[in-house]
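The two complexes that follow have subunit A in common; it is paired with subunit B in the first and with subunit C in the second.
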Partner chain A sequence: MSYLSNTYLFLILPFIVVVYSIFLKKYRWVCLLVASYAFFFIISGKLLLCLLFTTIHCFLYGLVIKKYDADCALEQEKKDIDKKEVKQKFKLKKKRVLVISILIQVAILFAYKYMPFFLGNINSIFAWFGSDYQFKISKIIAPIGLSFYTLEALSYMIDVFTGKIEAETKVYKLALFLSFFPQTMEGPIARYDKDSSLFEGNNITYKNLCFGLQRMVWGSFKKIVIADRLNPIVKCVFATGSSYSGFVVLFGAISYTIMLYMEFSGTMDVIIGSAEIFGVKLPENFRQPFFSKNISEFWARWHITLGAWFKDYIFYPVSLAKKMKSLTVKARHKLGNHFGPLLTGSIALSAVWLLNGLWHGAGWNYIFFGVYHLFLIILGNLFEPYMKKLSDKFHIDRTKKLYRAFQFVKLFLLVVIGELFFRAVTLSDGFRLFFSIFKGFTLKNVFDGTLMNLGLDGYDFVVLGISILVVFVMSLLKEKDIDVREKVSNMNIVARWILYLSLIMFVVIFGAYGPGYQAIDPIYANY
Partner chain B sequence: MHKNVFKAIGFLSILTVLLILTSLIVRPKNNDKESGMYMPDANGILAEKKNTIDALFIGDSLIYTSILPTKLYEDHGFTSYDLSTPAQRLYDSYEYLLKALDTQKPSIVFIESNGFFREFSVGSALKAKVSRYLPVITYHNRWKSLKWNDFTKKPEYSWINYNKGYRGTDKVKSPTDIKDYMEKKKEKKKILDIDKYYIELILDLCKENDIEVVLLSTPSMKSYNYAKYVRMKDFSKEHGLEYIDFNLDIDVKIDWQTDTADRGDHLNYSGAKKVTEYIGKVLKEKKFVDHRGDERYKDWDDSLAKFKEVFND
Partner chain C sequence: MEKLIEILEGLNPDVDYANTKDLVDGHYLDSLTILSLVSEIEDEFDVEIPTIEIVPNNFNSVESLWKLITKLQKDE
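Now for the complex of A and B:
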C-alpha cells in the first residue's frame, strides 16, 4: 500500500479522521496510536513486534539514563566528594548503555537490510579464494519503514544522552512518535519533542482540513500526473540488457531524476498534508533542491531530514571528536587554513556519505552513489577558492542570471548521473548505462521519433511538459519566498474553488492511472 | 461551523457534477475496441440481444481459454458468454455480473474458482465500484482520442463479439514437467475475508435473480493445486453448491502435450473443446433450451460461422 493508494486516501485516512474527531481531546492520542499500529500491522503483519521492541527499548533506555542522572545528582550532593569525578563516572556508565543500545538497533537494521548483501559478498570472497563454502542467503522481509524509525530511535537515544532532550516517561508518547501512521513508510525523519503537536489532540479545524487536503492534491498531481507517467520510459531504458545508448539513455536518466523527485516530494506532500489535517506539523523534506548552487547545498535541500540526521549524528560527532580536533590542528599547521580543515572535514564527510549510500540500499551501486557525491563535494570544496579567483579575474558575476542558469544545468546533470547509478540494477549495469550515453549520442533522437518508442505518445509528452512547467514555476515562486498557499487562501471563494477544482480535475483526467498505466511503487518505502 | 459544512457540501457537489459531466464525455460510445471500450471481449455482452443469454461464465483467463460458447451453441444450441478478463478479481466478477444482468436473464452462472484465492485491496474494489457510476475513473485517458460524437452522442452498443468472450489460441506449448501437478498435500488454501465477502455478494445477487450457481475449476497446471482443490470441495459443501473440478474429479482426457498453449497454465483451443463438451452435457442434463433455428437467435449462427472461419474448424 502506498500513501497514494485508494485504500489510504479514500478509506483509511477518512476513517481515522472521523474516529479521531469523535474522541475526547485528551484521549485522541489513543486513537492515533491504535490507528498507527493497525496501519503498520496491515502492511507488515507480525513484524509490528520489531517496532514494539524498538519503542520499549527506547523507553527503558530513557529511564535508565534518567536514573543515572538522578543518582549522579544525589551522589554529587554528598560532602567531600569530587563532583567532577562522579560526573565522569556516571557519564561512562551512560555511555556504555548508549553504545549497547545503538548496537542493538543497528544490529536489527543490519540483520533485516544488509545481511543478504553482506553474506553475498562474503560468499564471493570465499569463491575468489577457491573455497566451496557458501552461506545460505534467504530473502528477508523487513518491517516497513525500518530505516526511518530506527534513525528516529537513535536520534532520541543520543539526544537523551547529550541532555538535549529529557527522557520520556510516558511510553505512549514514544510509541506514537515512532509509529505515527502518515510517516511510517517514508518519513520525514522527525526528532523527538515532548511538546509536539502530535500529542495535543488538536481539533480538526476547517483550515487544517483545507490546507491538508490542498497539499495532498498537489502531491497527487506530482506523483500521479508526472512521476507515474514517466514510469514507462524509466522501465524501458533501465531494463536489464536494454540496448539503448546515446541521448536515449541520458533522456531516461533525466526522466528518472524527475520521476524520483516528483514521486518522493509528491508523496511527502501527501504525508505532510495528512498530518496537517490532525494539526500535526511534520518537518519538511524538500526545499527546491534543483535551485541549489552546488551539490552540497542540493543535499541540504533534498531529503532534508536525512541529511540533517547525518550532519548531527555522524558528521559533527566525527569532526568534533578529540582526535579529529588535534588532527585538524596538525593539518592546519602543515597544509594551511584552507586545506587543513578540509582534510579532516573530508574524513567526517566520508563516513557520512558511505552511510548515506548504504542507508539507501544494500548494494554496490548505492555505495558508489554515496562515494560519487562525496567525491563531488570534496572536489567542490577543494576548488571553490580557485573558482572564485578565476571568476573574479574574468569579471564573472556569479549572481547574474546567466551564471545561475549555468549552475542549474551543471548541477542537474551531476544529479542525473548520480541517480543513474542509483536506479541501475547493479553497479556494472550503472557503468554500462553511463558509458552508453557517449555511444552514438545525437540530439536528432529528439525529433526522429525515437523517444516515441519508449512507451509514451505525443499527448503524454505535452501533459508532462505542462505539468513539469507548473511545478517549476511553483518552485520558483517558493524560492522567491512567495507563499503561494497563503496567497491562494486569501483569494475570493470563486477564484479559489476554480483553482482547486481545476487541479483535482487535472489529476483525474490527466493522471497516469488505470488501464494502460502502471503506478510506480513507493520508491522510498523500501528504506 | 454550519457555514463551513455548507461550503464543503457545495464544493463536493460541484466536484461531483464535474465528474459526471466528464464521465458522460469520455465514456465509450460503443462497446468495441476502436471506441475505447476497456476489455471489449467481456463487454461484448452489452450488444447481445436482450434476454438471449442462458449461461454466463465468470472468472479470470482460465474461463476465456477453456470455455467456447460458440461450440455450446453449435453442439446443443445453448447460448452463453465468457464474462472473463485477465486476472479478474472477484469485485470485477461482481461488477461484470451486475452489468450483464442489466440486459440478460441467465438461468445459470458458472464461477471459475481460481479468483477465490486472488488477493486485492479494498481500495481497488472501491475504485471499481465508483468507476461504474463515474466512468471517468476508467476512461479518463480517452481525452487523447475524443471526437465530436463523444460530446453529443449517447452510448449505443452494437459490436457483436463473435467469439462470445472466448480469447484462446490454437498454439501448442507443452510443459516440461507435470510431476507435481495436483500432488496430495495436507494444507488447504485459505480464502481471504475480502474474497469471501465478494463471493457472498455474487451468491446473493444470483439468488435474488433466481440464477443457479455452479463452481468451476478448469484445468490448469499452474493455477491449481491440491490445497485449492480441497478448499473448494469444502466450500461447495458448506454452501450447497455444485462443484465441477477438471483437475482431479472429472477427466476430460486433457493431454498436456497437445492441449495447452503456455506450458500448462492455460488450455488451447483443443483443450477448450474437451472442457466445453463436458459443460455442454451438464447443461443438457439441466434441460437447457436448444435455440438453433430460432429466428431470434440468428446472429448466433453468423457468429458461429465467423468463429469457425477464424479457427479454421
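Now for the complex of A and C:
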C-alpha cells in the first residue's frame, strides 16, 4: 500500500483523524500509537515484531546508559577520587553497550536486507575457484521501512551516548517515534526529541487541516499527474534500452530522474501533510535540489534527512577521530588548506558513499551509484581552486544567470547518469544502457514520432510539459524565498477554495490512472 | 574574534563574515571546509570541538562560533 493509495487517503487517514479528535488530548498518543502499529501490521504483518524488538531494545539501552550516568555521578561524589578516571571508566562501559547495541541493529538490517546479496557473492567466489559448494539463498521479506526506522533507532542510541539527548523513560514515546504511521514507510528520518509535537496531542485545527490537505494535494499532483504518467516511458526504455537509439535512452533516463523526484518528493509532501493535520512537524526532505551549484550541494538538498544522518553519524565521527585529525593537521601543513582536509575528508566520504549506496539497496549497481557520487564530489573539490582561477582569468562571473544555467544543465545530466545506474536492474545493465546513449544518437527522434511509441501520446506529453513547468515555477519561487503556501492562505476564502478545488480537479482529470497507465509502486518504501 | 574571522577568510575569502548568519545553511561552509575550520580553531584556540557540537547552529555565524569557542575554553 502506498501513501497515495485510495485506501490510505480516503479510508485510513480520515478514520484516524476522526478517532484522534474524539480522544481526550492527554490520551491522543494512545490513538496515534495504536493506529501506527495497526498500519505497520497491515503493511508488514507479523514482521511488526522486528519493530517491537527495536523499540524495546532502544528503551532498555537508554535505561542502561542512564543508570551508568547516575552511577558515575554518584561515584564522582566520593572523596579522594579521580573524577576524570571515574568518568573514563563509565565512558568505556557505555561505549561497550553502545557498540553491542549498534551491532545488534546492524545485524538485523544485514540479515533481512543484505544476506541474499552477500551469499550470492560468496557463491560466485566459490564458483570462481571451482568449488561446487553453494549456499542456499532463500528470498527474505523485510519489514517495510526497516532501513528508515533502524537509522532512527541508531541516531537515538548515539545521541543518548553522547549526551545530546536524555534517555527516554517512557517507552510509548519511543514506540511512537519509531512507528509514527505517516513516516514509517519512507521517512523522513527524524531525530528523537522528547518535546516533539508528536507527543503533544495537538487539536486538529482548521489551519492545520487546510495546510496539511493543501500539501497532500500538491504531493498527489506531483505523483499522480507527473510521476505515474512517466512510468510507461521508464518501463519501456529500461526494459529494452539498448535496442533504442541513444536519444531515446537518454530521454528514458531523464524521464526516470524526473519521475523519481516527483514520486519521492510528492510522497514526502503527502507524508508531511498527513502529519501536519495532527499538528506534527516532520523534517523536510527536499529543498529544490536541482538548483544546486554542484553535486555536493545537491545531496544536501535531496533526501536531506538521510544525508544529514550520514554527515552526523559517519562523516564527522570518522573525519574528526583523533588519528584522522592529526592526519588532517599534517596533510594541511604539507598540502595546504584546501587539499589537506580534502585528503582526510575523502577517506570519510568514501565510508559515507559506500554506505549510502548500500543503504539504497543490496546490489552492485547501488554500490556503483555511491562510488559514482563519491568520485564526482572529490573531483569537484579537487578542481574547485583551478576552476576559480580559470573563471577569474577569463572574467567569468559565476553568479550570472548564463553560468547558473550552465551549472543547472551540467548538474542535471550528472544526476541523470547516476540515477540511470540506480534504476538499472544490475550493474552490467546500467553500463549497457549508459553506453547505448552514445549509439545512434540523433535529435531527429524528437520529430520522427519515435517518442510516441513509448507508451504515451501527444496529450500525455502536453500534460507532462505543463505540469513539470508548474513544479519548476513553484520551485523557483521557493528558491527565491517566496512562500506560496503563506500567500495562498492569505487569499480570501473564495479565491483560496477556488484554487484548492482547481488543483484537486486537475489531479482528478489529468491524473495518470485507469487503462493504459500503471501507478508506480512506492520506490523508497523498499529501502 | 578577529583571529577567527582571519581563519574563516583564509578558508573562503569571498564571504562577508560580519553580516552572514547562515554560513552552513547557505552553503558557504561545506563539510570539508568545516574540517579545516575545526582543526584551525583547535590549533589556534587550544580547544577540542566534539562532533556533537558540529551543528549548523554553532557554525552559522562568526558570533555563534565565537560563543562555542569561549564555552569550550571554559569547559577545558
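What we mean here is this: the second predicted complex is superposed on the first by the 523 of 527 C-alpha atoms of A that agree within 3 Å, B and C clash if a C-alpha of one lies under 4 Å from a C-alpha of the other, contacts with A are read in each partner's own complex, and residues count from 1 in each chain.
Throughout what follows, a residue touches a chain if its C-beta (ideal position, glycine included) is under 8 Å from a C-beta of that chain, and two chains touch if they have at least 3 such contacts.
Because the structure is a prediction, the values reported are computed rather than measured.
S.K.: For A:515 in the superposed arrangement: first (subunit B), second (subunit C), both or neither?
M.R.: Once the two structures are laid over each other on A, A:515 reaches subunit B alone.
S.K.: If we overlay the two complexes on their shared chain A, which of subunit B and subunit C does A:396 touch? Say first, second, both or neither.
M.R.: neither
S.K.: I'd like to know which partner A:7 touches here: subunit B for first, subunit C for second, both or neither.
M.R.: A:7: touches subunit B, not subunit C.
S.K.: Touching A:332 in the superposition: subunit B (first), subunit C (second), both, neither?
M.R.: A:332: touches subunit C, not subunit B.
S.K.: Thinking of the overlay built on chain A, is A:97 touched by subunit B (first), by subunit C (second), by both, or by neither?
M.R.: Once the two structures are laid over each other on A, A:97 reaches no partner at all.
S.K.: With the two complexes superposed on chain A, say which partner A:33 touches: subunit B (first), subunit C (second), both, or neither.
M.R.: A:33: touches no partner chain.
S.K.: Looking at A:504 after the superposition, I want to know if it touches subunit B, subunit C, both of them or none. Which is it: first, second, both, neither?
M.R.: Only subunit B is touched by A:504; subunit C is not.
S.K.: Can you give me the overlap between the subunit B contact set and the subunit C contact set on subunit A?
M.R.: Dual-contact residues (subunit A): none.
S.K.: Which stretch or stretches of subunit C touch subunit A in the complex?
M.R.: Against subunit A, subunit C makes touches at 10-11, 27, 30-33, 35-36, 38-39, 42-43, 49-52, 54.
S.K.: For the complex, give me every residue of subunit A touching subunit C.
M.R.: Going through subunit A, the ones touching subunit C are 162-164, 293, 296-297, 300, 311-312, 315-317, 319-320, 325, 328-329, 332, 337-338, 340-342, 344-345, 381.
S.K.: Report the residues of subunit A in contact with subunit B in the complex, numbered from low to high.
M.R.: Those in contact with subunit B are residues 1, 5-11, 206, 457, 459, 493, 497, 500-501, 504-505, 508-511, 514-517.
S.K.: Which residues of subunit B touch subunit A once you look at their complex with the stated criterion?
M.R.: Against subunit A, subunit B makes touches at 4, 7, 11, 14-15, 18-19, 22, 26, 38, 121-124, 126-127, 136-141, 143-144.
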